[in-house]
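Shared between the two complexes below is chain A, which pairs with chain B and chain C, respectively.
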Partner chain A sequence: MTRLALEEVTFWYPATRAPALREVSLEVAAGEIVALVGKVGAGASTLLLVAADLAPRVTGGRLAGAVRRRARSGIVLPTPWTQLSGMAFTVWDEVAFGPANLGWPGHEIARHVDHALERLEIVSLAARDPITLSGGELQRVIVAGLLAMDPDLVLLDEPTAELDPAGARSMWRLLRLLAGEGKAIVVATSELDAVPDVADRVVWLEAGAVRAIGTPQLLAEDAACDDGLGTTVARIWRAAGLAPPYPLTVADAVQRWP
Partner chain B sequence: MAVSATLRLDGVGFSYGAEAALRDVSFEVAAGERVALLGRNGAGKTTLVRLVAGLLHPDAGTVWVGGWDTGERAPEELARRVGSLFQHADQQLFARTVREDVGFGPRALGFPVHEVRRRTEEALDALALHAHAEQHPYDLPPALRKLAALAGALALEPMVLVLDEPTGGLDRGLRAHVADALREHAERGAALLVVTHDLAFAAETLDRGIVLDGGRLACDEPLAPLLGSAERLKPLGLVPPTVAALSVALDLSGRPVRERDAAHALARVAGGGPGL
Partner chain C sequence: MRALHPFTLLAVAAALPALAWILPAPAGGLATAGIAFCLLGSRGLRRGLWPALVAAAPFWLFLLLLHDVRTTLAIGLRISTMVASFVWLAAVLAPDRLVEATVARGWSITAAYLFAATLSAVPMLRARARRIVEAQRCRGLSPRGSVANRLRALRALALPLVLSALHEVDERTLALEARGLVPGARRTPLAPPPDRVVERVVRWGLLLLCLAALVRRVA
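This part shows the complex of A and B:
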């Protein structure tokens, strides 16, 4: 079931001539993880804002084309510290802020908050004041706040940017679990080496337009490597002068190695 | 060594209320050294950055920058010696254009106009920001805003550069610009202390690793062998970067942790010439 459909979407931020997105078409199904990759400024963050109905509704600007959502969405911005409610003195209350605004009964809020804290492995932070948290802790709190609202469409912009490497692995595992539960997930990430194990599909954005859509194998192709979007293993294989197709991951490389 | 150290922490401790963030941390960084400050979330890295920048003062011990006790200097005075990039770099940007923001530090330190201009243009060049120089910093994506704040720190041409996650959200091309700029400043004598979760970037750019765990110094040693050891990294909340994992998995000689070295090692084993 399609959760999100963009049809020929072009988007201009206010007072800019060049569009930030150009005729982007994309469908995302329930249970699917789509990774958005590209250089800084390629349009991944804007695509997420459009999908979340924040652009142009909140950002201003102009949109051409059509956006269809058959789901309640939630977004985690690349600046999670700007997403704190400012209304909560504990992490538990912060995570409860979204569900409370949905008007849910107290016991439902508590159930969702507790579950979200468990999933993000931050139960121990429940009584902390959010403003005392480290960047990585805060990033987990904001993701927990999103999950506590139980959205069907999860939009994430660089969700591991503030996480330590072990925390980043947990986050990617969690996304696979959420997809397994039927959520549709769109994630913009510069952590290309994580993409093969996480994403079902990869959308390569360039200057606001879709350059290619495919499986993660896209990140082992010459074109992606040329553009700095190959995985580390693919790039090394290629730089060593070994023949394509290049392996995507360490596991692929081990299989390929004599 | 104690005399020549550009940055020195002597038994430094710091608490937020009852919660200890750093305990008895001591180390030195000499001019030109490139040090990664690593550790899991909440290990105390950001607190240490704030102490070196003089935004916090230690509860115990002393932070020395070139013989100055940072606890006795105002942050604006320390800016003559320390260039900082904070985790939430947005808070460091306030001018109407990127160029004006990058030039703010040298201007505030009283350098003549031509010197302010030289430093500003060099920093913009180093981080490939010229195309955005006349834009308002807040019109840029978050990753570029961080880069603009980093350019401001570089323009100070300080004795110590202390940087909190300089590469978050950057693409590979921009990461390479950051790496080149940092190497160049180290060659000119700056001591680098770089907090990063991006261990691939650390491996390519830095050569000594200091790891904090629970606010204490857990290790201080050459970075490459540390990054190659999954067993040692795991209890510290860290995971080997992909190149190190590949080197171990394929048993590459010398266990390289940098892409170029791994490609050479791979090419040697495969019997071909590296296409580098």
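This part shows the complex of A and C:
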């Protein structure tokens, strides 16, 4: 079941001539994880804003093409400290901010907030003031705030940017769990080594346009490696002069080792 | 005191200065200033009385320079009541309880947000300013020493602080929208503070007292 469909979407930010997205077409199904990869400025963040119905509705600008959403969406932006509500003085209240705005009954809010705190492993932070948290803790709080709203379409922009390696691994595991529950997930990430284990499909964006869509194996192709978008293992394999197809992960490499 | 309903705290903090200006001077001002400083006294010398005394002192100085003793006393006591009431309110009013109270009372979410964001902006800006100062120190800027040094440090702090705050507005708008803070949203109060009958009576009583004093003063 398709949760999000973009058809030939072109988007211009206000007062700009060049579009930030150019004729992007993409469908995301329930239970699917789609990773957006590309260089900085490729359009991944803009695509997420369009998918979340924030561009052009809130950002301004102009959109051509069609966007169809068949689910309530939630988005996490790249910098956690700018996403604090400013209305909450404990982590629990911060996570409850979204559900409370949806007008849910109190017991429903409490259930979703407690579950989100458990999922992000931040129950111990519940009584802390959000402005006293570290970047990594804050990032988890913001993601918990998104999950507490129980969206069917989850949009994440660099969700592991502030996390340590263990925290990042937990986040990727959580995304797989969410997909298993039927949520559609679109994640923009520069952590390419995680993509093969997490994403079902990869969308390679370049200058606002889709350059390629495919399985994570895309990140082991010569073109992606040339553009700095290959996984570490694929790039090392290639640099060593070993024969393609390049392995994506260490496990692949061990299997293919001659 | 912090357990009182936020509207009661607001009512007391508003009624004292109002009465200070309505009641005849200097007795009215003396009474209201006395009450305000007594309330402040419950917060202790350092967190309560001292900030109010420091804030009120310059007003007394200027009044003494400009007026005779009688006028100075009349206006000074009124201003001291205002200052003491505000400092007391800032010390006892928890922003989160105020937000919950306004939401529970059916105020629009945007009005509640305006209140809370204003109250929480100061600690957030302070935290960011501290980070900027640390970053500038790492790059060799010293906020100590001569006046010129301090001015240079102030500029190096103010510019990034203002620019980052402006940049933050864009992202925060998107984030708040995504989290359901839209005009007309019916927010669920998370933990509304209890509003006892006696407190409601006190609030109405304070309003009536101010009105009665005003009527008597005008008559």
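A few notes on this one:
Assume the second predicted complex is superposed on the first by the 257 of 258 C-alpha atoms of A that agree within 3 Å, B and C clash if a C-alpha of one lies under 4 Å from a C-alpha of the other, contacts with A are read in each partner's own complex, and residues count from 1 in each chain.
In this section, a contact is a pair of C-beta atoms (placed from the backbone, for glycine too) under 8 Å apart; a residue touches a chain by one contact, two chains touch by 3 or more.
Keep in mind it's a predicted model, so treat the numbers as computed, not measured.
When both complexes are superposed on chain A, chain B and chain C clash.
Look at A:49: by the touch rule set out above, it reaches chain C but stays clear of chain B. By the document's definition of touching, of the two partners only chain C reaches A:85; chain B does not.
Applying the stated contact rule after C-alpha superposition, one finds that A:75 touches chain C and leaves chain B untouched. When the shared chain is aligned, chain B comes close enough to touch A:169, but chain C does not. When the shared chain is aligned, no partner comes close enough to touch A:217: not chain B, not chain C. When chain A is checked against chain B and against chain C, the one touching more of its residues turns out to be B. Once the complexes are superposed on chain A, the part of chain B occupying the same space as chain C corresponds, among 1-9, 19-27, 73-81 or 127-135, to 73-81. Across the superposed pair, chain B and chain C both touch chain A at residues 79.
By the touch criterion stated above, chain B contacts chain A in their complex at residues 16, 19, 39-42, 46, 87-88, 90, 141-144, 165, 168-174, 197, 199-200, 233-234, 237-239, 241-243, 245-246, 249-250, 259-260, 262-264, 266-267, 270, 272-276. Chain C meets chain A in the complex at residues 94-96, 99, 109, 112-113, 116-117, 120-121, 123-124, 127, 168, 171-182, 185-190. Chain A contributes residues 38-41, 45, 78-79, 81, 132-137, 158, 161-169, 190, 192-193, 228-229, 231-233, 235-242, 250, 253-254, 257 to its touches with chain B in the complex.
Against chain C, in their complex, chain A makes its touches with residues 49, 52, 54, 58-59, 74-75, 77, 79, 82-90, 93, 96-106, 109, 131, 145, 149.
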